[in-house]
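Order of writing sets the labels: A, B, C and D. Residues in every chain begin at 1.
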C-alpha cells in the first residue's frame, strides 16, 4: 500500500524558504501571488494491505521522525 | 484561490534524503517499510478566482522556478 | 482587561514586583505595560539575581576599550584594530527545538557583534548534553550541531572552536552557548546610547511575527511538565536574512549616519528601545502601526514582545534617512521609521494615533529589582582517593577506555559539519588548544578558546571558577598568544535556591581572583539561571571565552609533533591529584572529592615562561595538560601528527596511574629538539619551574615503557570511533 | 587578465575568491547581481556560499537572475566561466552544465580537506597540473552529491568532460574517498566547449601556505597562461 505524508509549517511559524521563493517569483514578474509556504512531501510504500493499520504505521513514523511536531503539522493520505 | 504543488523526484533519480530517512526508520524498528521517497510541497495563495487561470499561473511558476524539470515532476491541485 | 493574579504570575512576576510596578506607574498597568515590565524585569534582561555579584569581576586592563554593559566587549589589539566579542546562551530554546534553538543562538550572538560595527570573523560554541545513554541525547546532539553549522555556514563565518561534553547533569537541560568574535577599526565602533531629540528611530531587517512571544520569560523559567505547552513560541532562524542584514548594517556604518544601534534580541523591540533610551537619558515614542508585521492582526502586545529574529533598531542622524534607506533596499530588507527620540524620559507607545502605553524608562531599567539573594557556602570535600583503595585495572585498559570515551573522543564528527575555512584567515581550526584567526591582510592574529569544567565547579565552585579562567589562559598560551581578556557565560540552576546562589557567588569569587592575578579581565558575558527541571539543577557550568593576541602569525604554535627524535618535556609539577579526574569518572564512575588545586603564581610563572620559550623558538609544539592527564595530552599530540612517542615510566616515587592520569593544574607538554633542550632547561630552571623529560617522539608507535604499545593508527581508530558508532 | 566575480545575496566566498584572484595578479571586479551588464572579462567566477539561503534548491534562484543571462551570453562568446561550490550549483540550475547536485549521502553539511584527481589537463583550467595528479582541496557543502543519468554520464566520459574525481591520497577512486556520494566520484565537470568549469571543492582556499596548502594555485595559473 502506498501512502503520502504532507508536512506543513504551523501557522505563525516563520518560513524563510517560502519567503525567499515568494520574493523571487514576484521579482520574476508574478504579480497576483498573495502567499507561498513551503512544506515537505513523502511517498511511502508499506507491506501492509489493511488501510487503517497502514495509516497507523505512517502516523507513528510522522511522530517518530518525519514531522517536527513543535513547528509542523502533517496529513496522511492513501495514494491510489 | 489556494493551490498546492507537490514535487517529486523522477523515478530514476537518486533520492539520498529519502534513502537516509528510510534507513533511519528501519533502524528505529519500522519493519514493513518498502520504500520512501521525499519531495516538496507548496501552498500558494493567488489573487485569482478563475480556476484554470490560477492553475495556469501556478504551472508557470513550476516551470520557471519551483521544479527542476530535469530531475523532478510536479502536480498541481486546488486546495479547498 | 483587568490584571488578575493569574495574569501576573503567568508573566513570571512576583506579587511584590507587581506592587512595585504599581508604585512606579502610580496606577495599574494595562496588559501591554505589564508584558513590557515582565520582559524587562525578567532575569534574562534585568540580571536581578546576578548583578550584585557580577559587579565584583575585574573589567579593565590597558587593552580594554569597552567592558560589560554594551552588546559586546571590545579590546585593542594594536594599530587601529579592535576585537569585539561575546558569548551567550540559548539553552532552553535548544532543548525544545535543538536545530532552531541552536541556530537562532548563533544568529543572536552574531548580531551582538555586528551591531557594534565589527565584521564577525569567528564563531565558537560550548555545548553540553546529557548522558549518551539518555533517551533524547542523540537527537539533541544531532539537532544542535547541525543548527549551529546551518546558521554559521550560511552566513559565512567560520566556526573554528568549541567544546562538546556529555554529563548526566544535563539530561533534562542541555547547554548551548555560542560565542562570536569580530574585527573593527578602533575609531569605528558603534554603541547603543541614544543622543539628540527628534531623531528617527528606524526598524530594519525581517518582519515581526508571533515568534517566541514570552521567549525572554521562557528563558528564565524552570521547565516543568507544562513546558510542552510553551512550545509554539519557538523561533525559526533565517541565516540568509541575517547575512543581508549584516552586510547592510556594515555598509551603513561606513557612512556617518548612525547615532545608536541595537539588535532586537531577547524581548525584541521592548528591550532594544528601552536600552537605547535609558543609556541616552531620554525617551522614545513609537508608532506601532508602522512596525512591519508578518502576520495579520498583530496586537501592540505581540509587536512589543515578539522575538522574531534578524531585526535591528537604529537611531539615525537627521537627514540621513534616505541614504540609509537606499542601502537597506539594495539588500531587500525592510526599513521603516517607527518612532523618534523625545525629551520626556518615557517609553510612549501609540497605535493608530492612540496612546496604548506609557512607562517611565527608568522604571524599566534602573528601577528594575535587584536581589541580594541568600547564598550558602559550599564545603570542599576533604576526602582524597588513593589509588591503593581502588580495584586494580591494567594501565593500558584504563588509557584506552579514556581515549575512546564520549568526552575524550575526537570531535571530527562535530567539526566537519562546520565550515572552518570560509573568510580565508583560519590559521588553526578546531582540534588544537585555541583557534587562531589572522587579521585580514595583516601580520597579526588572534587566538580564541572556550572552556568549562562543570565537574570541578560542582566539587568546589571557587576553585572551579579559578580553574576555568586558568585553563582558558593556558590554552591561549599554548598557541603562543598573549592572553588579553575574556567573556563568560554563567550557566546555573535556580537562583532562588540558596545552594545554587552559593555556587554562583563562589564561582565569581574564584573567577575574580584568577582574572585579577593574571590581568585577564572580563569584558562581556551572559548569565543563564534556571537551568534544571523542577528541583534538579544542573552542575554549575561557567563557560569562559578567552582571546589572545599574536603579533606575527608566523609564530603560531600548535600541538602537532614535528619530528621523530624530539624530546617530550612536562612543565609544571605533578602531584598525583586523582579526585574529579576523567580517570575516576570513566573507569570507576566516582565523582566525589575535591578538584585539583590552583596555584595562581605557578600558573602565571609557567605560562609566561612558555611564552618566552615560544618567542625564542626553542620549542616545536605545545599542549596544555587538562582532563585525562599527561598521557591523554601526549596522545593528542601524537594523534594530530600521526608521529609516535616513546614514554618512559617516571623515575620518581609517584604511582604510574597517579603520574599519568592526575589532573594537577598549570602543566604543559613541550616538544623540544635535542639541540635546544639545554637552553630550554636553563630558562625553566632560572624561573624555578619544575620540568621533566618523559619521552621521545618516534616513528609509528605510541608506547609507554612495558605498558602500552599501539600503532598510532590503532590509537587513531580508538579515538575516532565513538561518534560514528553512536 | 580581467576577472569578474558575481555576488548574489547570500554569496559568502566572494571575498575569498577575489583575494585569490588578486594575489595571482588578475585584474578583478565585483559585480552585484542586480547589475545588468558585465565589465570586460576573460574569466567570470560564480563564487561559493548560500545564494538565496540555498532555499528551494541550491542555486535555483540565482540561476534565474538577470545577470545570469549576461553570463550565458559571455559564455557563448567563449569567456571562461568558473563556478565553485554554490557557483557550480548555479551553473547546473542555469542549464550551463548537465546533471544535478543532490544532498550529501550522509545528509550532513560536510567541511573537510579531500583529495581529487585531475582527469584532463588539456584545457584552459588545468593545464598547469599533470594528468592524474592528486591534489588536496577543501570542500564545504550540503548538496554536492553529483547525479546524472546514464546517457549523459556516458557523454561526459566519452567526451572527456569530467574535470576532477574524488580519490584517496594515492589516486584511487574509492567509496571511502567519495565524501558526498557523487556518481563515479565526480567532483567537477566541463561543458562541451570546456570553457565552463563547475566544481564542488574550493581552489581559492588552497593558495596560502599559512592557511592550508597551495594546491589550488595551479588552477588560477592555468587560466592565466
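We adopt the following convention: a residue touches a chain if its C-beta (ideal position, glycine included) is under 8 Å from a C-beta of that chain, and two chains touch if they have at least 3 such contacts.
Here the structure is a predicted model, which means the values were calculated and not measured.
Seen from the Cα centre of subunit C, the chain whose own Cα centre is farthest off is B.
More C-beta pairs touch across one of C-D and A-D than the other; that pair is C-D. Centre-to-centre spacing of subunit B and subunit C amounts to 41 Å, using the average Cα coordinate of each chain.
With centres set at the average Cα position, the gap from subunit A to subunit C is 37 Å. Note: centroid distance subunit A to subunit D, computed from Cα atoms, is 33 Å. Multi-chain contact residues of subunit C (touching two or more other chains) are listed as 238, 240-241, 332. The residues of subunit D that reach two or more other chains are 52-53, 55-56, 61, 64, listed in rising order. Residue positions 64-66 of subunit B are each in touch with at least two other chains. Under the stated contact rule, the graph of chain-to-chain touches falls outside the line, ring, star and complete shapes.
Considering their complex, residues 96-97, 100, 206, 209-211, 231-232, 234-238, 240-241, 294-295, 308-309, 332 of subunit C touch subunit A. On the side of subunit A, the complex with subunit D involves touching residues 16-17, 20-21, 24, 28, 38. If you check the complex, the residues on subunit D that touch subunit A are 52-53, 55-56, 61, 64. Of all residues in subunit A, only 6-8, 18, 21, 24-25, 28, 30, 32-48, 57, 60-61, 64-66 touch subunit B in the complex they form.
Partner subunit C is touched in their complex by these residues of subunit A: 10, 12-16, 19-20, 23, 68, 70-71.
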